[in-house]
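Some structures are shown below for you to check.
Same chain, two partners: subunit A is paired with subunit B first, then with subunit C.
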Partner chain A sequence: MNTPATVTVTGATRDFHGSPALRGVDLVLPPGRITGLLGRNGAGKSTLLSLLAGRRRPTSGTIRVDDGDPFTDAATIQRICLVGDGGGDSDTSRVGARIDLLTTLRPSFDPDLAHRLLADFDIAERTRIKSLSRGQRAAVAVTLGLASRCALTLFDESHLGMDAHNRYVFYDALLADYVAHPRTIVVSTHHVDELARVLEDVVVLDVGRVLLHEPRDEVVARGAVVTGPARAVSGLVAGTRTLRTRRLGNTTEAVVYGDGTADVRQRAPAAGVDVTPIGLQDLFVQLTMKEHA
Partner chain B sequence: MFDDDRPIYLQIADRIRTDILSGDLGPDDRVMSTNEIAQEFRINPATAAKGINLLVDDGILYKRRGVGMFVHDDARAVLRRRRREAFFSERVDPVVAEARLLDVPLDDVIARIRSTLPDPAPTPEPTSSPS
Partner chain C sequence: MTATSTHTAPILRRRPSGPTRRAARALLPIASGQAIWWWLAPVVLSVVATGWRPAWLDEVTVSLWQFVLYAPVVASFALGVVLVAVHLPLHVANGIDRRSFTRAAAVAAAPAIMASAAVAAIGFAVERAVLVTAVADPALVERHLFTATDQYGLVVVEMLVAIVTAWTAGWLVSVGYYRFGWWRGTLLLVLVLLPTGVVQLALSTGRVLGTDLVLGASGRVAVAMAVVVLMAVVVDRATRGLELRGTSTWQVTG
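Moving on, here comes the complex of A and B:
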């Protein structure tokens, strides 16, 4: 069995036709965790994942999966699985044939899990890939990705095209198989709130840089919505990073993010101010919003 | 199952505490494992482990290697004692404070509480029985 991989990214940049997609990324992913990779369109998520999977080479800097270079080292490449959204518009092969192929190619591949998952997704194995819907192709892709049981498994917005039911089938299968066969997993997603509780760590990419990399619990604890009389709120949040302020009459709502949030929470009742949690999705949107000033 | 108001691991610990208090989990009963909780409630196993470990550190649960987590003999008594203390500070005191604010006589509050008790109203019980 594959032991979970450690990922080390040092000073990685990547340019496309002279314009930078990654602008210097330093990142260490400890083995055996599920990390959520969040970022707006064009933030560099897919680029980073393709570097981790050895599909591309960084323009500068290094990528290591355990001690190996995923771009050049064959043994390292065997330990990595990058799952996209299925693609395959012109793929005439049948789903079942893909399972047979991977069973031969990858020693860690579990065909039983693949058969079981496809049944959960309601996909017949004799169907040709090209005649599946977009969401069904995505289901096939995550099935093959999970059943590959790679030490480093990367999902690049794989479940984007799936309907809600199938996304939950995916989350359940991901957790069940991760628990039984621990590995290092990175999931990039726009369905942040759906996946939030499944994540242990969160990486937020913003314009090609790592904006934050922390345990999900801590990110969520650091954020809060503070609502109350304008004067009381502004006094309370002074000194804590405020991401957004809205006013309605004499009531102010401020979104705060920082180490001071715990203190704000404690002093709020005495100040007659409400403090409520903010979801990961909302927090992420506020953190990556373009500065207007 | 869980709300977003508090960290999930605290809510997991609370659910287990409530099950122990209600008797759904008795002494030496096995508690759901971290992995079972993770799959049942679709949460990260590390989050589930954090909730369970909170109760282990607290002496409510104990670990048997390779078997699982179990409820301590005196867990229910300990939790009851603590919740009773919290009952007065967190539930009764705010009621009294609100009553003061609204000028409601405390006798009215007490009468109201008595009136909700099943008939016949029990007399205040002594802290230790004479026998």
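Moving on, here comes the complex of A and C:
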């Protein structure tokens, strides 16, 4: 049985021609969780995933999947699957041939699941990969990634290019197979709100560093939008971490984040202001904008 | 959340246990298929020539088959290049470690290499029996480990060493370009061509870097094998540390 993997990243840095992509990342991903890896373009998401998958080595620091080095340890590598966005512009293989190949290479690969998912995505297995559209290639990629049933499954913007229907097919399939076959899953995405329902934990990377790593519910609970008369809002949020403030006439809207948010919620009715939840995507945008400011 | 239950049917096809075996199973048809292709043209041409039998063929005094022997050597070099450039990233992306891949590639290529050496010897035998009737002993244009085309054992040995050397050289060239890019990869060609040249010289003229080896056939093979083993060690080391480019390479799971 492929038990879910534990990921431990200790002081990992990675440079490309002297330019740092990751700067001292410390991270522990517990087994059997779905983690969203969020970050702006160039934040280091793909670099981190490539280190976790053993594609590359860190310039310094260590990566461990359970106790193994994913770059060198044979038993560890076969427990990891990194799914890209499909690529394959020049791949002349047929989809069915790729299923056969993975059936041979991966001990945990389930070809029946692959057949079912491809049918759900309406992709014929005799089709050559290069003949598929970008979205269809992405669908093939996530199909093979899910069917690999690896202890650590990494999706790097895999569903980029898929239409909305297929993205929801993917989310449903991801959850269903995760429930049936628990594993550690990391999904890097820019479709944050769409995927939020699937995520259990959230890691936000910003310019190569971990900005936060918390359970999704806690992250969302720590944020709120406070709207009301300017003086009341400014008095209420004073002392609380405010990510953004917008003013329209006498009305102010403030996005707050942190431990003080619960207190703001409690005092809001008395102050005559509204406090509404903030979506994960909005919160992520505000968090990363604030850090750059 | 729509968590429908999934029913997984038992996987009936038996899968090899270790990563080396699994990768070897995947690579075997590729290596064997390529070997068939690299022999196809020479063999077909030979069969056609035998059947057609033009008049001028009876006046040929040199071995024609000796020229065919370049085909498997060059094709083996190409196979080494393709294995690193195409199949290594695909296999590593799908759970095979680099060391196991190297071993698996060697295992998968072995039958093709051995069959090629055998075909080379059989070709000479057929040529002596059928193709050339005007001369009893077709001449060799270039120097080889063997001095006559009926020294089948030496033909097999020379072809084995030559094909393995070419395969290893192709692998190293590919690793150089993959790892270091175009310019530095090209500069590294020298480091690959040098040992390859030594092997070729040991097998053919018996002179290495201007020095007569003063060795018999077995001694020259030993020199060649020593160089090949050295190249194989470099292949293993260089491949073990090879990083894959990007996370979205051409393969769909990669």
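Here is the rule we use: the second predicted complex is superposed on the first by the 289 of 293 C-alpha atoms of A that agree within 3 Å, B and C clash if a C-alpha of one lies under 4 Å from a C-alpha of the other, contacts with A are read in each partner's own complex, and residues count from 1 in each chain.
What we mean here is this: a contact is a pair of C-beta atoms (placed from the backbone, for glycine too) under 8 Å apart; a residue touches a chain by one contact, two chains touch by 3 or more.
Remember, predicted model here, so these are calculated numbers, not experimental data.
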* Pick one for A:L175: touches subunit B only (first), subunit C only (second), both, or neither. => both
* To do: Kindly classify A:P277 by the partners it touches after superposition: subunit B alone (first), subunit C alone (second), both, or neither?
  => first
* To do: Considering only the touch criterion stated at the top, classify A:D69 as touching first (subunit B), second (subunit C), both, or neither.
  => neither
* Considering only touches as defined above, state whether A:D217 meets subunit B (first), subunit C (second), both or neither. => first
* Give one of first, second, both or neither to describe whether A:S90 is in contact with subunit B, with subunit C, with both, or with none. => second
* For A:L199, decide between first (touching subunit B), second (touching subunit C), both and neither. => first
* To do: For A:E253, select first, second, both or neither according to whether it touches subunit B, subunit C, the two together, or no partner.
  => neither
* Starting from the residues of subunit A touching subunit B, keep only those that also touch subunit C in the other complex, and list them. => 172, 175-176, 179, 197-198
* subunit B to subunit A touching residues, read off their complex -> 2, 4-9, 35, 38-39, 41-47, 50
* **Complex interface listing, subunit C residues touching subunit A** => 1-6, 8-9, 11, 13, 15-16, 19, 22-23, 25-26, 90-100, 240, 243-244, 246-254
* Asked: Within the complex, which stretch of subunit A touches subunit C?
  -> 46, 49-50, 53-57, 72-74, 77-91, 98, 101-107, 110-113, 129, 137, 140-141, 144-145, 148, 150, 156-157, 172, 175-177, 179-181, 197-198
* Of subunit A, residues touching subunit B in the complex -> 33-34, 168, 171-172, 175-176, 178-179, 197-200, 216-217, 220-221, 276-277, 279
